[in-house]
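The two complexes that follow have subunit A in common; it is paired with subunit B in the first and with subunit C in the second.
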Partner chain A sequence: MSAVTSTTQSITLTIDDKAISCRSGETILQVARENNIDIPTLCYLEGLTVWGGCRLCMVEIAASPKLHAACATECTEGMTVRTTSPRLKQYRKMIVEMLFAERNHVCSVCVSNGHCELQNMATKLEIDHVRFPYRFPHLAVDNSHDYMRLDHNRCILCLRCVRVCGEIEGAHTKDVKGRGVLSAIIHDLDEPWGDSQTCTGCGKCVNVCPTGALTHRGTAVGEMTKKTEFLPYLTLMREVKL
Partner chain B sequence: MKPEELMTMMEKARADTFEHELRVCTESGCMSLQSDVLQKALSDEVKRRGISDKVCVKGVGCMGLCCNGPLVKADKAMYQFVKPEHAPAIVEALATQPIKELLCDTQQPFFTRQKLVVREHFGIVDPENLMDCIAHGAYQALLKTVTTMTPPQVIQEISDSGLRGRGGAGFPTGLKWATVSKAGGTTKYVICNGDEGDPGAFMDRSVMEGDPHRVLEGMAIAAYAVGAENGVIYVRAEYPLAVKRLTKAINLARRHELIGHNIFGTKFSFNVELRLGAGAFVCGEETALIASVEGKRGVPRPRPPYPANYGLFGYPTLINNVETYANIAPIINKGAAWFAQIGTEKSKGTKIFALTGKIKNTGLIEVPMGIALRDIIYDIAGGIPDGKAFKAVQTGGPSGGCIPADLLDITVDYESLAKAGSIMGSGGMIVMDETSNMADVARFFMEFCMTESCGKCIPCRVGTYEMHELLDRICEKRGTPEDLQLLKDLCDMVKQTSLCGLGQSAPNPVLSTLRYFEQEYQNLIAEAQAARGQTTHADTSEHIELEVLP
Partner chain C sequence: MTTTTTATTTRPTVATVWLDGCSGCHMSLMDLDERLITLAGLVDILHSPVVDPKEFPQSVDVTLVEGAVSSEEDLHKANVIRAHSKFVIALGDCAVTGNVPAMRNYWDRSDLFDRAYVENAQEPPTAEERKVILPLTVVPPLRPLATPLHEVIKVDLYLPGCPPPADAIWFVLTEFLAGRVPNAMSVSRFGK
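Here is the complex of A and B:
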């Protein structure tokens, strides 16, 4: 019998002074979560391609002058990671503050009030006020679909909906138009959602949406709870493996 | 094409000489001043006189002094501000003395202090004429490479030359090539980044318009060195003339089998295609560029994996800037040692700069690395017009920073500029005089970054908007000291947490103007506070009458 050879190797590293072992190819975020070390994220969702857009998971790695996104950085042997520091805390706080200033997030009238990842993140990061000038953009609500609704005012452009639509459902109804602060989620070639020929109406986008941007119609303030039971199975639902 | 054929072609083209040559600049700058009409007027005049066999009229690449265009070189004399109606006189003067009123002094420092490596054939060869380019040595370096050198030798030569990427960051080119050559797999790509988008920068455009064959040759040599067979030139669609010239150059080179299958009878094959950018500045960032070529939305992705390992369509990819590729042929022809003796210890060779702003001579220059900034501004560019005082020069566009008057003696190389809080960048130099307000300059660049942010990551998308908003408040005299503090905090955060180079460098203009000209920000805020104090006072003195309705 020959020895079993494998391409994956085990690696040991240190996260927040805790010695941890993992397999090569795993990201810092995966390993940290497996070991109950919390790194905040908004755009990451296990099973979808790594996006690296929210920048909340930035961590410090010893001997590297730059910060690294934990969701997109693979662990290497002997790495020393620090997931929290006064500086990181400050940056994370500023990022979430900026999200509140970017669009019209009014929790008191939001259907997702109390079940919102953005709101929970703000609480977790102890945000009590926003220092930045508010943009107060005039944004539309797409209420054209029979039982789902897109409210651009509450969108944080994490693109989980775009990714779940393209990668899991395979419809690729959703995408992005414009750039910078003018970016927005669109359906097909920027048509009303209800007119979309490609939308299968599966509703995955609604359930992966972290805020009240994508909701079921007919929900009142605080009533929109998302069905998250299927989220652990996203990886299994993929046709193209990551 | 066989190696002998290239030599025969070169000899034949060299034998085809004329008694007189009239060279008209036909790059975008002079073209906008009707140099194409002028060229036609000159050829018509030559035809009318029946001296077509003696006088050759041709369109050539940029001669540098764009502010005095259109420029015409008539044998040894250079004419400036030439209009189509001057054509008869110019043709007339070929046989006699040059026209004094139109003469441009070629002995002025603007011309004498330059060192031409990349631009050595600018103003001499016709970029649309392959024979003319071959007569001046085009594709000789490629011939030498594929017939006498092994790929490791080529990489060694480029490493020895000390050439660094001309796109801005200055990554050692030889090291980049070595990385791609060592990446596994048989399919590899070579990409030329011609998505030059900095305000006030037009070096790459000029190189692509003035000597496209040199870019192609550099790419082919790079492909040979790293083991790639496919190349993509990514040019922004806003450069129609560059696109036209490159298309023509690719077609001509393909027709003469200078690119394509089994180049010079060897096993080496190389194909190039042209891709046009759709107007996004961020597509100059390598991963966004790759996404754009793949037909996806042009947004960057986190690195690693770097394109050297996982690039276009997932294959190892080499991405270099236009000017970097244009440097390759001279290095191969004249040797790494020759190239390495130009410039400073860590920055070798020459750099093209686009001079714009408040200076006498605006245009394109190529200078050796290590030249003092003062020499560029006062000697080559001729100083500040209208008796105004110099204030600052912005290098590196929206990703760079400004350099104030008391640092003018620093040398122009990657390290010195970085130390001064700016970057070499792709080569834009915008000179500002005392009338410019530096907070306003920072606002201008921030507006550019804000509109060009792709919107993928939050720090860049919202951060640039917020920084612009705060700068707007300060410039419009509505700012407070808290705004300035918030601006500083934002600069730090956006720089540290943004996903790609655009966001990471977007705060640079603010940081560098704050470093050298914070007083101007303070003054604006003080003015705002003074004005606010007055209005508050005025407000309280006025009574508001309220009417109570029943």
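Here is the complex of A and C:
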């Protein structure tokens, strides 16, 4: 989706009262981050295609009654964007609270405790409790792989793992089954991970997972840390090759 | 504390309660160490697992509640706490989120009892024995779900953490005593 073409134009817009110029084809999120304006995200990860699923990056655009996902909206000439407001803050808090209520995120006993993007987001948005009743679903843990584990209890369905598996590794082992609250990450045709014929065991899915849903086996509480720095590099290398 | 009877009426009163939790939050409270002596000079602790009175007092300024609401007794206590406290603080992740005690919620209660009292027994209990060994009489009945405190009563302040660090408890208490409503998320977080 990189729009490096001869028709690239310079665009001027306003983000949070700051006059900014960027290239055409750049998204609001990209331009905001280039200008040190923080917009919270969970499903977005530099190096993967934009998914626009978590809705945390919603921003207000002047003269538009609806909110727009900053990761999936390209900047246009004269655009006026607001990245924070009481309304946006309220929605972002609600989204993260609903993620906590939907599955079982027991931070205190999670391998990713202290290194979790969901946990950090809760702290950042000053979420001190969840106003929605917890669902407490009974979910499985896929322990079938030799050295990796999928714990559906901690999954927020950001689909980073599905995207990195298909787009970067090229295996497309991971996908999604079900709809709505019953959606779940699967391997191949919903088989145990360890039985997958297509999984190369590369472990990229573990490293891009923002929570304790995908982890290395043999990690105890708080021991699981992730590395995502490799992604923009791998993506760049693929583009160079093409 | 008993000698300062005149001050008792003017000093803020504090209670702490231990519902379905591991007592770790109270251990963290104990970790205030020498600050406990300072605290004893600032407030009257009327009710707590670490002081004598068994009945919850008629009126308390601030009550810190550790633990999820898991049994009918917990629910009863929560209602008593709310009725007799001006300000209720959910202390720690069990009170705030349900945390570990709520991990039983993924299963039905009868399956839980079977797992704990039947499947793991050395000899499979007879039908007669089952009536006695399952915790269905004498002890408070388990509610269908262990829930955070705010799902059953109004909570005025949330202090997450497993347990909240002693410094966080100190910050919240001293801010409260100074007449301010503290921002607990500046000193703790879920799972801390």
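We adopt the following convention: the second predicted complex is superposed on the first by the 228 of 242 C-alpha atoms of A that agree within 3 Å, B and C clash if a C-alpha of one lies under 4 Å from a C-alpha of the other, contacts with A are read in each partner's own complex, and residues count from 1 in each chain.
Quick note on the criterion: a contact is a pair of C-beta atoms (placed from the backbone, for glycine too) under 8 Å apart; a residue touches a chain by one contact, two chains touch by 3 or more.
Note that the coordinates shown come from a computational prediction; the quantities given were computed from them, not determined experimentally.
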Subunit B versus subunit C as contact partner of A:P86, first or second or both or neither: neither
Partner chain in contact with A:P133 - subunit B first, subunit C second, else both or neither: both
First (subunit B), second (subunit C), both or neither touched by A:V109: second
Touching partner for A:M98 - first (subunit B), second (subunit C), both, neither: first
Touching both subunit B and subunit C, residues of subunit A: 133
For the subunit A and subunit B complex, residues of the former touching the latter: 50-55, 58, 66-67, 69, 72-74, 90-91, 94-95, 98-99, 101-102, 131-133, 135, 156-157, 175-176, 178-183
Parts of subunit A lying in touch with subunit C, wherever the complex brings them together: 100, 104-110, 113-114, 119, 122-123, 126-130, 133-134, 136-139
In the complex with subunit A, residue positions of subunit C that touch it: 90, 93, 96-100, 102-103, 105-107, 145, 147-148, 150-151, 155, 158-160, 162, 183-185, 189-191
Residue numbers on subunit B that touch subunit A, as the complex places them: 280, 282, 297, 301-302, 304, 450-459, 461-466, 469-470, 473, 486, 489-490, 493, 496-499
